[in-house]
Structure formats: C-alpha cells, structure tokens
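Look for subunit A in each of the two complexes below; its partner is subunit B in the first and subunit C in the second.
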Partner chain A sequence: MSVMLDVLGSVVIAATLLLMIMTFQMQMRETVTRLHYTGSMIEHMDEVTTTLNHTFAMAGIGIPVSDVCTIVDTNRIEFKTLWDVAGDSLSSTLHVIHIALDDSSSAQGKVLTIKQDGSVIQPLGYIMYIERIRFNYFDLADSLTTDTSEVRSAEVLLTFRRDSPWNPDQPLRSNIQMKSYFMNSYLQGG
Partner chain B sequence: MGRAVLMFVLLMTTIFASILVSLNDRIAGVPDVLIENQLKKESENVSDFALRNAIRNAGSVGFLDTYLEESTFTGILTFTQSFSGFTIGNSVIDSLRYSFSESQDQYKVESFIRSSLQGYSVARHAEMAFDYPYITALVTRPSVIYLEMERLNLLPWLFKDNNYVPDSNQNGYTGTFGGFTLLSNTVPWGGSFSRYCAKFDGMNDYLIVEPQIGPNGADSINTDKSFTIMTFAKIDKNGRKYHEDEQGTLLWIPSEPSDATLRNKPSAGIWYDTNDGSMHFAITQDDEDNTMLEAVVPHTRTADIYDWLLFGTIPVFNIFHYEYPWTSYALSYNHGVLKAYINGVLRATVTGSDVRAYPSLYGLTMGRRDLRGSGIDDEDYKYFCGVMDQGGMHHLALSDMSITAWHDNVMNAATIRYIRD
Partner chain C sequence: MNMMEMFLALMAVVLFTTLSLTYNQAIWRQTDYINNATMVVQASQICHAFLDEIDAKLFSGQLDIDDLVDSYNFTTTKTYPHLPVIFNVASVAADCDSLGQDLATPNPNSLFKRVRITVSGPGYLKQPYSMTRLFTRTFM
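Up next is the complex of A and B:
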C-alpha cells in the first residue's frame, strides 16, 4: 500500500512540477515573442520614418520654392526635386516624387509607396504594415496650409498594423507622429 | 517500464531543448535592434556635428588661411582634411572634404563618418553645397579629363613651362600647348561659368594630353567599350587663309599614329571636314578589319575668329570673338553604338558590332590629328581654326539626357545649393 502511495505521490508531484515548468515556458515564450515583435516593429518604424524624413528633406532641390509641391492631400503628396532619390545623388534631370498609401490590400496590410517618376524606388519604396496615413502641411510660419506653393513642412501620422501572433482577430497597432521639414526648400531661400 | 520512462525523458528533454533554443534566438534578437537603433542615432548626431563644423570652416578666414594659404580660387579647388583617431563615442570622423569653385563663396563640403558597436557598423556621408556650380556637382561632369582652360598663359615663348592647362578632375591629365603663340594660348571670353578658352590658329596650334601608362600597361583615358568625349568650340567659318580645306580637328585620340594604315583612323575623334561641310564623329573598332564607325552631320560654321595677313602666314585674333555663340560637340560609344551630339542634341547614331574601340596609348589631342612617323605633311594634321573650351572625356557613355544637361549647364552657368545629411 505504501508503495502505491509513494508512486501516486511521486506522480502527482512530478506532474505538478512538469505543469509548472510548462507554464513557465509558455509564459516566457510569450514574453519573448512580444519583445521580439516590439523590437522588430520599432526597427521597421525607425526605418520608415528615416526614409520618409530623408525623402521629404530632399524635396525642392533646384526648384523655386513655390513650385516644389504639386499635390498636397491628406493621404498623398507629390513634389519635384533635382535629387535622384532612387540613386541618392544629385541629378541632372527633374524628378517627381509621389508618396501615397496603396489601397490594394495584401497579406501584410496596405502598402505605402514612394515613387520616383512613376516607378517605385528600391529598396524601401514599398513600406509594409501600414494601415493608415495622414498628412498635415505647414507653411513658413508653421501654420496649417493646403496651398501647394506654401508648404514647407509636413506632419505625418502613421498607423502600423501587424496581426497578433496569439490572436489574429485582434491585430496589434502602433501609431507614430513625425514632422518632416523640406530642408532644401528652406535652403533655396523660402 | 524502464525503457518507456527513458524514452519519455528523452522526448521531454528534446522538447524542452527546442523551446530553449527558440527562446534564446528571440532573446538574442532584441538587443540587436536596440544596438542598431542606438548606433544609427549616434552616427547621425556625429555626422551633423561634423557637417556643421565643415560648413563653419568653409566660411572661416582663419581656416582658409591656415590650410589654403597658397591656393588661388580658380577652377575647382579641393581640399580633404583627414583625421586619425577622431573618435566621438562609437563613431569615427574619417575626413571632411572641401571643394571650392572659383571663389570662397561657392563651396561644397562633405563629411565621412564610420560608427561601430558590438559587431554592427554604419557609414554616413553627408554633404552640403552652397552656390556651387551645378555642372560641377553633377555626375555628368567628364570624369577622366576635363580641360576647362581656366589659365592665362601669358607670353609662353618667354616663360618656360607657361603653356599648360590643368585637368579639373585632378587626375593629372594636364594639357600642354604646342605651336607658337605671341601673347597667350588662352583668352578671356566673358563667360560666367568659364572665364578663359583656348585658341587655335589653324596653322600650328594644338593641345596634347599625354597618357599615363599604369602598371598593367593601360592608360585610364584609353578607349574601351563605353566612353564619351566632348568639347565646346567656335569653328572659324573661313579657316586659315589659303589652307581652307585643311582645317578641322577638334578632338583626336589616335589608334596607331605611326601606322600608315591606321593613323587617320582614330580610336575616337571629332572633326569638321571642309570638303563636305559636315561634322565627323568617328570610332575605330578593335575588330579584324579595324572598322571605322563614322557619323557625318551637316554643319554650318558661323564664327569669325581669325583674320590673316601676309598670305595666310600671320594670324590676327578677333578680340570680338565672344559675340559668336558656342557650340558643343560630343561623341559617345557604347558597345558598338556610336552617337553624335551637337549642342546637346542627338544628331546621328551608327551601330556596329559589339566590340571595344581600338585601344589607344597615345593620349588625347585637341586642335590637330596626332600623326607620327615619316611621310607626313603639315596639311595632314588638319589643324583646327577657332576656339575651344570645356574639352574632356567621360569613362562611360553618357545618356542623351546627361549630355543635354552638360551642355545646358555649361551654357547657363547655373549654381545650386542643397544639403544632404
């Protein structure tokens, strides 16, 4: 009898220990996955904001300040520059840069595209995991404007979205707000 | 029973190990992102600091006096300030490069930064141009040789070695004048981008760029499968008196100047032929027959650059030559396709087989053909009568757009200011 009790007791204790270890592992795994998700998302968001900021900064090189922007909508912007954004060098030809949210949904959500003369630039011309974008524009006095000839900076509000690894029905969203200055438009004297 | 327990333990251990490995990978990835971000931010800040200092230095009298005291601000003056161990945090400032064009007020500065932290490395290159000539800042500037003729060679017959123009690319392809000139080989013409141009009397003036043969036996101005040659010129509408049918060589890269069968077939050349009133753009291909691809474009000369005294033996330079317009001439060769441009506009295309141009190791000549050996008369040289400026060679075939841009920007003397950080 005592042998049976010993066996049962050890089985119960072993099972409890095993369950504790498994629970611990699962929790740890989830924590690490969250950390990894957060880290990779931060990296992605950092790359996106760096790219957007750089692209905006190169707007208007060699162009009269009032002629830089051609489209300034809340969900897209188009401007001119002598900078070859694709090659990241000064160019002899005028380029038209178009930034907009592509509504054709993919598995990764909507796509933010940066196009130069109608072609998506590489390697960061397709920006994934974007759900929403909104532009607000400001003039030289930092007042809101919608006049293409007055735009000197843009506020960009981005919503990133990724499906949750644990619950696909509840995607994880991260918002970021940045302000990009058209540095080269300022340098032209405007 | 014992075996079953053993198998169970092994299975559990394997699952446990795989979970640990997976966890380890994920945990290891988190600091990487943080390190990379930290490094980027740091290098950006150091780059800003370096560029701000470079901009301040470029406008500082003290700095210019210290480092560029003996220099004159003619043409493109470039100075690189290199550092050894200039470390800020995890970043190293390698160098700052200053380029001045014609004056202290027209400059471009560049900073070169490296950063590294825990196995990650980032390099940053920032630059800012302020009223810098647009053509100079562009890649369409001829990269191998660029003779902008920005040097006044007064009394070259009196002062020894006072008969050259420097290569603006600083590749050392100095152009040396030949022939006799009383006052100077170069003359002012009033342009805002270029102040001087070279004059050629059609009698014995020429400019030669000697080759620089490297250790592998090749010269970097050697013609290969892809390159461009170009120049601006005003071709005298009459030519040298009594020798009107002799004139016309603008640019000439010889194939074999001593070989009677090849000496008149240049590796690359641009010339005007008085017999057919046309510009000739030619390439000799490196095939079995040494095929010469030639584009012939009818052309009208309008400039009046020289008058002649004593039966065409004494040239008299027209000091009002600047009233006549400049014309640019360019030739590009790319894998068997020769293109001819006048004033930045594509005028002719000739297609041959996809072989390289005939290799040349004899440099480049402006103003006459490079002919060597015996049995050559003066008239064979086809001396050029007129003025030339902005002559050069690019190491690749420039696009139509780039050649148009080169022409437009020389003519318009545009300056540009921009910042990239």
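Up next is the complex of A and C:
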C-alpha cells in the first residue's frame, strides 16, 4: 500500500512539474512574441517621427508666412510649399501637402496618409498602426492658436496600436509626442 | 516517506523555484529593455524639439546667438499630457570651437555655441538621453 502511495505521489509531483514547465514555455513564447512586436513598433515609431519632422520642415518654402497653412484641424493639417516632397527636391510649382488620419479601419489599424496634390506620397505616405492623432498648433510666441495665418509650429500626439498575436483583446499601444517647427516661416522672420 | 525521500522532494522544490525565478527575471529584464527603448524614442523627440526651438528662434531673430549661452543654461521639468510620465530636461550651453570643444578661455563672441539637452526622469529610461547641436554664427 505504501509503495502504491509513493508511486501515486511521484506521478502527481511529476505531472505538476511538467505542467509548470509547459506553462513557463507558453509564457516565454507569448512574452517573446510581444517583445518582438513591441520592438518592431518602436522602430516604426522612430521612422514615423522622422518622416513627419522632415515633412513639416519643408512646409512653406517660397510661400509668404501667413499663407503657408490652409487647414489646421485637430486631426489634419494642410500646407503649401515649393518643395516637392514626393521627389524630395525643390520645384518651381506650388504643392499642397495634406496630412490626415484615414478613418477606414483595417487589420493594421487606421492609416495616417501624407498626400501631395491629392496623391499619397510613395513609399512613405501610408503610415500604419496609428490609432489616434491630434495636432496642436502654436504661433510665433509659442501660444496655442487655431488661426491658419499664425501657425508656426505643430505638436503631434500619436497613439500607435498593434493587435497582440495572442490576445487581440489586449492590443499593444504606444504613445509619442513630438513638436515640429515650420523652419521656413521662421527663416522669413517669423 | 523516509528522510532521504523528504530531502529529495525538498531539493526538487528548490530546483524548480530557482528555475521559475530565473525565467521571470529574464522576462522582466527583456520588458525593461523594451520600455527603455520606447522612452529613448520619446526622449530623442524631446531633445529635437528643444534644439529645433533654438534653430527657429535664431532664424527669426527672436534669439540673438550672443544670448544663446545665457538663455539655454537651465533645468526644467516637462509634463506631457499624452504620456503618463514626467521628464527632467537639462540644457547646457557653452562657447566652443568648431569641433564643439570648450574654449580654453570663455569668449562670448565665439563663432560657435554648443547646446546639450539631457532628458532623464521616468524609471523606464535607464540612462539619461543626451543630444548635442553646434550652432554657428553666420552673417546672412
């Protein structure tokens, strides 16, 4: 009888330990996948901020400061420039750049689009995995403004979202806040 | 269960507890790295914003390069409503040579000024993040 109890106890202990190891392995797999996803998201965030900073830096080239912006909403901005953002070169024709969050949801979340004269700039014009964006605008004195003629810098509040491969109910979210200056307006004396 | 079996069972518990702690520590460490990386991206944006502000004000004439060193030596705390963290920002400005090295003798009329922005604060940011920019006097 005591031998039977020993064997039974051993089996129970071994099974518990085996379950423990399997749980560890599952948790490790999930964590590694989450880390991989978050890591790639960080790289994506870095690319997006670089792209947006570059685009804003080219605003208003050859345009009088009060005429640079045509739309300054909390979720979109439109400005004029003689810089060909698509070709990344100076041009003699006026271009209109439109940055807005596309509400058509996809598996990759919402899409932030950068359009030049109505066409999405390739390949950097579609920015994926965006959940929310908000623009705040500032005038020359660094006070908040909504007047298109007074905007000299913009604060961009971005929320990135990517569904977790293991638990779609717990998406991975990252926030970032940046500020871009319309350098060409400042170069004209503000 | 005799003494030997009890001892073996105890050793098994110790072994698997150690294993469990090692796993958990490894996961925590990796999570820390990722959180740190996220904060580094944000900290770099904060540095850019401060340095771009100097560029913009120099361009518009709101700031004279002679006043740069006096105006950009400060420490401040910045709160960002979009982020649940507070950052400490330190700005250190100095007259320097064309390579960004300190002058042997401070010279307010130096052609070059160096500004270093250092961001620190939230625990996830393991090391303070610094960005330096060299500003050159021009005669445009």
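Descriptive notes on the structure:
In this section, the second predicted complex is superposed on the first by the 166 of 190 C-alpha atoms of A that agree within 3 Å, B and C clash if a C-alpha of one lies under 4 Å from a C-alpha of the other, contacts with A are read in each partner's own complex, and residues count from 1 in each chain.
Operating definition for what follows: a contact is a pair of C-beta atoms (placed from the backbone, for glycine too) under 8 Å apart; a residue touches a chain by one contact, two chains touch by 3 or more.
This structure is a prediction, so every number in the text was calculated from the model and none was measured.
Once the two complexes are laid over each other on the shared chain, residue contacts for A:178 go to subunit C alone; subunit B is not touched. Once chain A of one complex is fitted onto chain A of the other, the partner contacts of A:164 are absent, as it touches neither subunit B nor subunit C. Of the two partner chains, both subunit B and subunit C are touched by A:42. By the touch criterion defined above, A:83 lies against subunit B but remains apart from subunit C after alignment on the C-alpha atoms of chain A.
Once the two complexes are overlaid on the shared chain, A:53 sits against subunit C while remaining clear of subunit B. When the two complexes are overlaid on their common chain A, residue A:6 makes contact with subunit C while staying clear of subunit B.
In the superposition on chain A, no contact is made by A:70 with either subunit B or subunit C. Looking at the shared chain after the overlay, A:187 reaches both subunit B and subunit C. By the touch criterion defined above, A:28 lies against subunit B and subunit C together after alignment on the C-alpha atoms of chain A.
In the three-chain superposition model, subunit A touches both subunit B and subunit C at residues 28, 32, 35, 39, 42, 46, 183, 187.
Touching subunit B in their complex are the following residues of subunit A: 18, 21, 25, 28-29, 32-33, 35-36, 39-40, 42-43, 46, 50, 57-58, 61-62, 82-83, 88-93, 183-184, 187-188.
Here subunit C touches subunit A in the complex through residues 1, 5, 9, 12, 16, 19-20, 23, 27, 30-31, 34, 37-38, 41-42, 44-45, 48-49, 52-53, 55-57, 59-62, 80-83, going by the rule given at the top.
Interface residues of subunit A, counted against subunit C in their complex, comprise 6, 13, 17, 20, 24, 27-28, 31-32, 35, 38-39, 42, 45-46, 49, 53, 134, 140, 152-153, 157, 159, 174-181, 183, 186-187, 189-190.
Across the complex, subunit B meets subunit A through its residues 12, 16, 19, 22-23, 26-27, 29-30, 32-34, 36-37, 40, 134, 137-140, 401-402, 405-406, 409, 414, 416-421.
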